[in-house]
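Two complexes are shown next, each including chain A; its partner changes from chain B in the first to chain C in the second.
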Partner chain A sequence: MPSHSKSSSSSSSSFPSDDNGSDQNPSSTSNLNPPSIDQSLDAIENQLASISMFQPDTLLEPGSEPEHESESESESGVNDEIREELVNGSLNKIEELPEKSARVEVVEEEVEEEKLKASSSRVWTNVSEMEEGEVSPSPSSSGYAGERGSSVTSGIEEDVKDDDDDGNDDEIVDGVTDSQAPWTPGKRHGDEDDASISWRKRKKHFFILSHSGKPIYSRYGDEHKLAGFSATLQAIISFVENGGDRVKLVRAGKHQVVFLVKGPIYLVCISCTEEPYESLRGQLELLYGQMILILTKSVNRCFEKNPKFDMTPLLGGTDAVFSSLIHSFSWNPATFLHAYTCLPLAYATRQAAGAILQDVADSGVLFAILMCRHKVICLVGAQKASLHPDDMLLLSNFVVSSESFRTSESFSPICLPRYNPMAFLYAYVHYLDVDTYLILLTTSSDAFYHLKDCRIRIETVLLKSNVLVEVQKSMLEGGMYVEDLSLDSASRPGTVSPQVSQSRLAIDSTERLRDVFHGVGGPAGLWHFMYCSIYLDQYVSSEFSSPFNSLRQQKRLFRAYQKLYASMHEKAIGPHKTQFRRDENYVLLCWVTQDFELYAAFDPLADKALAIKACNRVCQWVKDVENEIFLLGASPFSW
Partner chain B sequence: MGCSSSLPDRNSGRLGGLNPENGGTNDAKNLRVKLVLLGDSGVGKSCIVLRFVRGQFDPTSKVTIGASFLSQTIALQDSTTVKFEIWDTAGQERYAALAPLYYRGAAVAVIVYDITSPESFAKAQYWVKELQKHGSPGIVMALVGNKADLQEKREVSAQDGMEYAEKNGMFFIETSAKTADNINQLFEEIAKRLPRPSPS
Partner chain C sequence: MGMSSVSTGSDAMKLCVFDLRRGQNEGQELDKILFFYPADLPFSTQLSVIGLSEGLITFTRIFSPEVACEVIEAEMHSHVFYEAEPDIWMVMVVEKSKESEAIWRIEALRGVLKEVHSLFVMFHGSIRALLDKEPAGGLIRTHLYYFIMDYLSDFLTVKKLQLPNFRESLKQRGTVQMLTIGREVALEVQSLVKALESSAGSIQCYSLIMYQDLLVSTTLSPDDTVNLFTYAVLRLSPHALSSGVSSWSYLRKGNIAPDVSSGPVLPNSGSALDHNNGSHETSHVGDHRYNAMRPLKHDKWSRGKDGFLVADVWGAEVDRSARTCPAIWLHQTEERMYLCAYQHRNLTLIFLVPVTSIVSEEQGISFMKQQIIENASLKIIKVEEKLSRGWGGENAYHVSGYRYLLVDGDRSTSRATPPGKVTTLTKESLVALSKLREEVDLEKSRVKWDGVGREKDLELCIRAKNNAWVIARLTRGKELFLVLEKANETLLYASDAVEKFSNRYCNGVFSVD
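What follows is the complex of A and B.
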């Protein structure tokens, strides 16, 4: 099933919603501009064509209308029937590339839709037959054959057990499996290359390559075997650059090819996940940041000395870091909100942790960060030093995905790209228990023994003040449940969850209620929400409960939020303040103010007025418990 | 804050060192020494350390990031104890430039290669040269051929290892972190060779 659909009813309190904007008459424009794809596309033609033809949606639902992203069409300078060209292999001359267009966008149009459906179905059949003869085992038969419907229901599992293999982007496009196997970091399908049918059918590829076309990283397949493919990507980028232009996005059928150029480093995403261009571009930015975190931007110097420099050895052993980051693009809201989230804790507990971290920070530690998985327990910076949420995301991803940190205390150079992309800091990393870890950052390369002493002091205080026990409890019990929200303004749910409740009496009734109403969500059909405080750079999201029991449903909601975020922040016609959108999956309501952004999902049959009321209640609730769900008093991030 | 160091230059020699404040050794009966493991990635440095310190072997390879710090104390027959403070460094190329950070001030260097990989043996020789140039004077060096359980895949003969070690005044041993073969012997042998502080 496609994860989105046209809204059956779409209205906005003050702004037009973005989803039925400019795709009303796409065919009328498509023939105005003569096809003008440069010849360097010629080389990639077959690869893209074959990728774009494997589309389950067109196959499974031949009647369904294709959806067009309105933003690119309204901005595009070049509209081309790339699909037809890719299929027919007839490409036109370079000279017709319009000089004036600031960006080259190749957008497919609906005209060829019918023709393509026919041809893709045909090719599909052929390929399916071929696949049986494939030597390399296709992932759909390689051990994670999941059963549709079985799921991990526990809310606390959402942060690590989420599964990228759930028939979405990791899975090959045939979508045979709906696997719920636990996600494991590290490179998979390393035996594939661009000649493998399974490789071509993957829904979301990421590539890093050098400006000379040398592969640096590929999400799937062996980098070295992808040299040819990589060179093709490089040819496209440099061809457009030679014309004084820049390629940002190429559309080919349902596939988007997104490019990001960072000096001598090129990043490319090829995706048919229907995520907005802005989201994919943001993901490439993070991928680049992760690379900088490992190497600093001074790798550019290697390319100055030797343009053909091979960077792969420098990234040796970091596959798990990149794959884990890419995985987080499908479950971690921090990747698009640019905010971090805290573990819910009683105010006093967090204060106790903060006090000892502050103590340490005053003794020459640049940042002291205490985290539990991807959630912040406490964070303290030296005077005037502030940590960007993206740096925190990249740093915690680096630590959590590198198994060796769990074995013993470590001391490693790392770079915070937003803090200073040119320089290494030194990170002391130590796990206090299975999930909880301490990161102490310093500028001094010989501070290890000092940091080790700091850690011992911190650990002693945390044990004494029971912080680690509270952390474990919070992990188990979770934070805000929509079931706990009351629409009646008289009875406020004064606490986040039982474990941080001041009145133990209230717990029993809360828990009983939760049992009784399990499966119906919150009041007014509220299913889930996400609240982001702009001032704090922090967000809180409610725990997943019914109907978001399966990872697949959680991921679909994630993608819907991501799309909503992109549409609210679209530069051309935004920013927007509110959006109310209804489709067959949910009602989504978004409310952006100067202070916060609220994203909420409701039952598709939810009443609009009630939904708005529920959103107001959520905001009030968040305010009531902000002491427990947010880290307050941290220096505001000034980026 | 000053944050100017970038990719550290191997030859700059400005990296200070990761040394306990009170130097290496304490008294004649209780030695405390800094030991660094060097070698190509994947030769089993971490496995040797974890076998020695925790008696464990984990066949799933976990790439070391930067360097891990572990310590272990052993008692010798002459009733002295030696506390090893072990820097288990990452073998990846990007960390090579940072190695001085970890080996500076080390009393012992254990250079590890994989007996099934001639490349790793070549890399070991690189580290020996590096330490001869930049290591602490009087550093005790051991050359270790690991994965000795993989006899059938052996590509570096024990003879080659031994000859190279002898030529460079090193102690040589072949070990298997998997079977625990020779692991304790390696550290005991090192302990015996440590220069003892003259009794005062």
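What follows is the complex of A and C.
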């Protein structure tokens, strides 16, 4: 991460030059770029600009040296405005955030300009500190394999490498390989820009920019060096807009360019990952949501006051949050199912956790959420308040990807975009153990000590009732394994099933023996399934087992599900009722009803009739164990 | 009613052809435009369409150097791109709307662009060659204008252009529909082909025989067969000649096309195109100096007394010799061939002779016609009779209970449920099928760009909201699309139906076992 001062200075020097035509590029950065690229980008802009018959003034104005200064003046003006906003509380009192990631020792500060700059741009100082200092967080806490809750412990090292090869879209198209390090959150390849061949060959780019063409975020490369590219994206969007339309998608060979306009914020994804348009668009929506979660939608006002407002300082240090979210687009089904998943637990255990959370919720806490990695242990909301699964995804991503939360109890302002995009809530976050964390949400900015007390009460009860131990056990052994499914209806799995959690270890050896004789996967060639309950907003997916041993294979399955989901939920005519799809990799079956959606993957040679039977058995199985795999009684999201 | 008046006041469809190598300098952008429909749009609008296209072609090449922009999907419009020749692009912009019939499949629209370009090249040679011949561009603009406008006239319904939308999901542009014939007739046809060939003596020639709008036999390469077949169905077959009689072939709308009047239709276009290169005469569209050959003009073919088809005003008045026997370019060999067509009742024979092999056209052609009549007329009558006897009518290839499309990609052939039977399907089913085909199009293009060389093997079976089954099967270069309405709800039933169809009508190609 570049420091704030460094970034702002580089932005003021590189920006106007990129706004210019190709022939007037005084910036020294032009030396870095081979002229051909600049020219091609500028050519595009020129093409668009020269032909724009409608509102040429909305396109980029050529900057000039004097404008430099005025712009930097206006930037300080922006900061004044931000301060004004902050003081007026319309940004919900960011100034109350302490510099050090809203650490508890909040000192009531005088609002000095310097400090404000520092706090507004460095709200998450700790995060950036972590990135600079500790490049390799403990693998257990944020390692890729860990986050999946995968039960496969052997061969993780191999898998991680595999992940980087393919699991991360980090791969360069022609197999130009990258570092073999395990996935870590945060920006990578920050040295690249649009002139780099490697940058152009990245499989999946994400960009956030402002409607004036200023870069806000780029997954790869230095935002400031991408100013010219960003201006091009803006030119495309506004050109189509000036023609009275809105560009959604551009397709070229394997590449898709997906656009999403959210007021003054433009989001763009450029991908050759073969994901459907709807999925990529959904990912841009989530990316926008993640930004709102950090800043609230009132950031729009800054753009109303100054269209050239530079937002990058406000998001400083949050690269890890975005990169972690983008990473989850390739492994977390919640990103397209719009449902959350629970850690499998005995009904009584979850009840015990729920009871104590309910207790605190009654004392002025809006939401109390106990989670383990990306899985929910328990969730309680104040009366009538309900949490959208997307908000949960964004919130847990925010917490899990910010290392500072792990090291100390924290209190920070966050916004739940689906709950109220305009206002901040305050999140008290505390890790109870290495994977398990508690989030308490409140509307009150001075509830820290109260929430701390609540947390202590909750922690005490959880320890006493052994919930945390059970959570650990479930992490290791829990989940549904397709191998445990029986097609024989006589041997129905009971409610205290061997399939879920506790007794998994006990039957493990015999199960594996069975595998030896019956080949991979479950009966009828069933390899994997996901079951999503519509009313509960929750899904459960079976644990990965053979043949999904590598992350590459897991990601391929993930993408296949994603495609299947998009196909089933085709906007014009969907949702469809049933789908059977056979290609060289799988047989996929999908079944959408009013109550649930089932996605199942089989051996490509699976017999149709048997596969259908297996799906029915899966549904029955899920029903049989629903009080262990789902959080029942939680109010579903409904407005 | 002229074509240009149709478009006035509505931007339902725009179609342009432009050359990226032209108009590089500022102020000369108009020079890029080789064709624009509707022609009466202000130049600023025309240029903005082309500017956006060009911008995105350049932009997408940053990431995808091999394949530039193929489609822009905006909220209200789809922009379909086709690079017809290197740096020569065709872009079609269609309005979309969920309520109306404006639900498109991109590949179907691109098929229209491909088709009109292939036909153009067949008659005029490549666009680039014409540009090289006359760099000012007047020649190519004139040819493109008449050709594309004549072509588009086939899509004209009462008030507007109706491009292939979701209702044509059980059709495949760019393929040939074959007549199935028995062994005995096949031998007769074979002997007829031999007789035709012998009429040309030692000259290498080609023939194509059609019964009604179906192909019976061809000695041309697959590409040339598709082009010539397409043209024959559009303008030469008995249906095409008796205009007003509705045809059941997808290639013909069955409506009477309006006349594209010459020159004056383009008052703006002519003068504006001049504006840039400053030469009024050379670039005036519809200028009579140019040989405005209009092979797609309606009602210009008729059947002569001798059974040969004659083109009435083929080509310009200047070149009278070209009237009776037009020439085309073969795609495969790039040879120029005279096109002779003979019609006996429902049988159409097309006969191609190399231009180079005939010294004097007038004499050479008439001599050959005479030879054909002498050698083959009996055989023609016999074959026509046999085919008529075995002909099952326009619903001959209907399979009750099924609505289907069967495409053989390797042979560029297709067979489908007759259009009259397709209309019984609900809109929902057809939209579902259109979307399914779009998915299949994407899968196919991925395989193509992956360049693995393997063919996609795919089975896709969807039960839609309206309970219809829409099914796609791809295997070994063959594709089968099915819609089953009022079918049983179980997947096994649907699979069984596919299996039965495959076994009975596709030699079991799509059967699982």
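Here, the second predicted complex is superposed on the first by the 439 of 639 C-alpha atoms of A that agree within 3 Å, B and C clash if a C-alpha of one lies under 4 Å from a C-alpha of the other, contacts with A are read in each partner's own complex, and residues count from 1 in each chain.
Please note the rule applied: a contact is a pair of C-beta atoms (placed from the backbone, for glycine too) under 8 Å apart; a residue touches a chain by one contact, two chains touch by 3 or more.
Note that the structure is a prediction, hence the values are computed from the model and not measured.
After superposition on the shared chain, chain A has more residues touched by C, the comparison being chain B against chain C. When the shared chain is aligned, chain C comes close enough to touch A:Val240, but chain B does not.
In the superposition on chain A, contact is made by A:Asp583 with chain C only, not with chain B. Within the superposed three-chain model, A:Phe602 lies out of touch with both chain B and chain C [touch as defined at top]. Look at A:Trp527: by the touch rule set out above, it reaches neither chain B nor chain C.
Of the two partner chains, chain B is the only one that A:Gly316 touches; chain C does not reach it. Using the contact criterion defined above for the overlaid structures, shared-chain residue A:Ser298 touches chain B, although it does not reach chain C. When the two complexes are overlaid on their common chain A, residue A:Arg200 makes contact with chain C while staying clear of chain B.
By the touch criterion defined above, A:Tyr266 lies against neither chain B nor chain C after alignment on the C-alpha atoms of chain A.
In the superposed model, A:Ser404 makes contact with chain B only, not with chain C.
By the touch rule above, chain C contacts chain A in their complex via residues 26, 29, 44-45, 47-48, 50-52, 54-56, 58-64, 66-77, 98, 103, 428, 431-432, 435, 439, 445-446, 449-450, 456-465, 467, 490-492, 495. By the touch criterion given at the top, residues 1-8, 15-21, 41, 46, 50, 62-70, 88, 90, 92-95, 98, 101 of chain B touch chain A in their complex.
Within the complex, the chain A residues that touch chain C are 37, 40-41, 43-45, 47-48, 50-54, 194, 200, 232, 235-236, 239-240, 243-255, 257, 270, 272, 274, 277, 567, 570, 572-584, 608-609, 612. Those residues of chain A that touch chain B in the complex are listed here as 294-296, 298-299, 301, 313-318, 320, 366, 382, 385, 398, 402-405, 407-413, 419-420, 422-425, 427, 443-446, 448-449, 452.
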